[in-house]
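Letters A, B, C and D mark the chains as written, and numbering starts fresh at 1 in each.
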């Protein structure tokens, strides 16, 4: 089999040389990201349940769900939740297979709550959360039960596509690194920094402006001046991280909507604005690479929650992301690469209708220098497409 | 103030001398009783929240709620829940008072779940339960904030009544004692006996027939013969208890709907039929004395969940029960007493429109011998009516 | 087959000679009655769907459901609904039979809404109502498909009972007649009288006091004095009707909780307190004879919504009611009769464990004069028990 | 005030000259589009309610909501809905202003149902739909009440952006025109063509491939051959329309997932896959120009349902779309234009931080020839930004 892999020049100015660049990231506790994270947790838990019960993954798609904000009364030293957050789990799952019943809804509730406990430790899910589940019934076509060991490649569920690009630009790296740093280093030391953070980046020429909206957790803030200190500390820390990602000039603003005089701050009881103002949905936030990048090609598909067996909207977005970054990493001379994988409904997913690489070579490189290696990375990536499925199930691939 | 206490002869055959007597009890894990227990827990938690926040109890009524059964696959050695139980909390509560917000819904969710954990320890409330809360907004009339220390008597919320009687008949005692024995003695030793038990009693003349429907918890039953052993054990134990309550002939049947041949048994995963077949509602089960007694005067009011300050349907049912039993206990010569307390909307609850005692004296006694003492018990009971409220809040009075 | 029909003397004072008598009726628009009416409508619609699709009635019980009050702003001339009423339909139904699917939930929603449109024409069900449906899955035992033409008698679903009595006392008749009169005569002329009416009756000796709480529909009331006029008119009309039912002295109070000075009136937008303050549940209101009668024997079973094939809690309550009234009508000499029908799980429903008639003969009559005719009425009523089922399905029997 | 309008060259190959182009449209009955349409209808209804009640638009955002699929049994000649579609309305709205209450939830329910009746006339919303509403409470900052006549410009709610481009490429035009043609011409004649249509377009070089997935309404299809006829007819009609939009070679496939042999077709009862398989969410479908265009700059913001006063995610997406098309229409020499409007939280929305136009001039044109006219179009568009708000409220602007 010869795969339809098309490699061509991309005649445009690389993003990092464009005058204006916009990038955004909704971190883990943003209502849209909470929705994504739950959707993906539920899908993974279903996968594992199916494997335990039947030795293979059955049909499901849980790339749905709604976070309806509650009401809270944050205050310095610790406020309270007035009205619980409401979360609706939906999507569909196989609940009956080979005459056996599957506890799809209890699995979904457990997975979603376990995930929430990890992400929002300040939220008391017993009393500050109402979680409903209206998981529809899906049916599994016998031919599509995914059993990794068989090596059989599933067929595409739809005529659809995945897109991605590499490498990350400076501003993209700034945002990704700051997000990681807060989650992994800063919050463990300063639990005042809630999980609901939105980082919005604007680059104009060589000047980067990052606006960080970070929910502060009220029980760790004693006063307005304490709050202001934490806000400033976050700006400083973020700036340090940003400096490691770029040589451009960086300005960082934190919680610019705050009105200190009126004490209208981004203060929360639980670390997320879902407690008070903001609803969230699956698929409305970050793309599969963790960013929202209006200057870049993007897919509208929600990657999180889709089944990792044959749903192109998931697998091809994840794979195109891997392919793009691997090409940049392994092949010399790529200034920018855009990847598009297009499926054909009913065909094996390792045989896309087209796998397209559009490349801006670095100065002094030609497409010729590059295309063979790129071809091989694409071919081998498609050959091993089941690895995407397997790593999704193990939770080794991030989807948002 | 002279209270309107009417004491008169009741010219009828005492229940225990009637030919046929029917009595029923739905124990704690029966879906209707679960609903009652939750309703009462929520009301008590709200009372305590109001007292903590405002020093007095505010208006609320949570005598509502619905248990929607899930689906389960019980099996010997332990089965599983396929679809979670759904519980709707409703009713109304004051959520705003003196410019302060009250977390009524989080209080309700917490109270309901804590109660469930006590009553149904085999139920995993995180994954096998969906609990929604649609608690409406009530408003508290300032004049009705109940502050125990002030000694001010609240005004009746409605023109309504409470009714009760004493003493318990033999069959009533049998049922109450068996229920207690299973909960307090038998289950701690044999967790196989679930909480969902219905005891139905029929007395024809001197012959008592008790039918016990008891959910068995599957993980503690290894086989059909094991199940049959436990069923027989329960019949034996119940018979022993019954013998301590009556000299009449007693026959006990356990799980008569079982069809052993088809292995159609009352086997459950969690100890309640709410996991599979049976929905439940507040106010559909036991009356305030823990029994359903179609031969006796009964009130249709749900006692559980109503506010204990001024809701006649709660306070007068509880008080009439206490008065009836106290009269029988303290006053010689009462074969049977029926109590009715009738309120007048807007009047202080210690001044009922009528407090009626209808008495069947024992042979050789006349009403004259009895009425003065009964009067005093009634008068003093009404005088101290706030004690009912206080004990309800402390959880010292059972409502179902 | 000889049925176990026991006829005996009842040695007690007939209710109408007792000193105190309490009776209550919740009319059609009372939240509890709305719940009952919906439950029964849903059951009937399911019966008819099953008959259309399979030629027989399949298993279901929809004697569940919850009305959660909304919020409204009534005002003279017409106010508005601020928050919709929420109604949860639950219970269970057969959704799959002989490999065919049944649209149980769409049938239930349609029946419930059609019923509401009839009962509460002022309620705009599209925007002022949220109706959810969580109808569980029931399973139909093939032996229990009820096909009227086969003449096969279903088996009792449970060991349970029905109770009733006859004749109605004066106060009971007053209440029933006033309720009918308002629904059938007064409201068609004066739509100001809403459907949510509670009539509470107290007889003390020869003096009857009726308290009518009647929701007024705001768009038909222009002012406080208009409201007062309608209130007085209702009292007058009710008094006229009461006079046709009793020779005793009758006093009628309407909307006694009104505080005219503060303009705190029973004014509603839609004619029911479910729009604002009061939740409702199935089985919490009237018994099968349309009344709540704490001086009488009552069953706690919800009659409405239960399947009319083999659910004793429905069939025996309805049949005992019919038997009691037929005895009083056809047999001379009965001052009062109490009927109890007790089933045995698994036995044909025309063969109760006991059918008990307890009779207070009129002066100058003995049981002997009466018992043969009563026996025959009972025997024939049981013989034709399928007629109860059939008339329930046709909607010819009221259940609340 | 001089607005920050930046006009620059875009050095890239116009999309229509790129080798591969992907475009997709989810038509009105696709679950994601249903969600969008409802969200926008609700917002518009709230706007009008606020204007009626207060003379200005109050704060709200209803860009949320979830469509949970039901279950159906389509069949030739007409099948049935087995389980209703469930729709959750959420988001937030001002429910209280200046001491007056607003019926936000009843307004939302009405608007959503009215919209559904227009879009899905085959759906019986009374019985085949459950619509819940959990609209949170928003608060309106007095300074932000939008009163058109005052000419006062609202301040941006967030630091956010809108993006768009013009002109449409051939394939984009094909898809838009086919969609319109089916809705406006074909369906009125052939109601068999349901509203749930997804058109997926792939251009490779000069060859356009359009895949149309169109739900067929079962009651208008009598047999498989009838179905096949309609499928072919649609392909033919679509091809005719496509020919009017492009000179390139076009191939059209309809319902490629059909398996005629197994009679596994895209047959529906109501014309939408929401009846059976597919859930939908706001903001997951088309961008503000009605298309999903992974080769183009896109915003992830849901345009539908956001308030049209100060929500940048709505206003700037709509305005950038208008500006791009107006430039292409009015200014000679533009091969392609990309527009980005970036706001600054708290600043008047007619003064964006940057309004960026990136232009690929047509051969023989230079930026110089173009930029002055573009500047004026931008400046005047921003000057009249309130017109966007006004036309949104009137329903004159499409948001998806």
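By definition in this document, a residue touches a chain if its C-beta (ideal position, glycine included) is under 8 Å from a C-beta of that chain, and two chains touch if they have at least 3 such contacts.
Chain labels with UniProt names: A, B, C, D = S-adenosylmethionine synthase.
Please read all numbers here as calculations on a predicted model, not as lab measurements.
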The chains touching both chain A and chain D are none
With centres defined as the mean of Cα atoms, the chain at greatest distance from chain C is chain A
Matching the CA atoms of chain A with those of chain C requires turning by an angle in degrees, to the nearest 5, of 180
Chain B to chain D, mean C-alpha position gap in Å, rounds to 56
Taking each chain's centre as the mean of its CA atoms, chain A sits from chain B at a distance in Å of 51
Each of the following residues of chain C touches two or more other chains, namely none
Each pair of chains that touches is included here, namely A-B, A-D, B-C, C-D
The answer for chain C against chain B in the complex is residues 6, 8, 10-13, 18-20, 22, 24, 64-66, 68-71, 86, 88, 90-92, 134, 136-138, 158-161, 163, 200, 202, 204, 211, 256-257, 277, 279, 281-285, 287, 292, 294-295, 297-300, 302, 340, 342, 345-346, 353-354, 356, 358
Residue positions on chain D within touch of chain C in the complex are 73, 80-84, 95, 101-103, 105-107, 109-110, 113, 124-128, 130-133
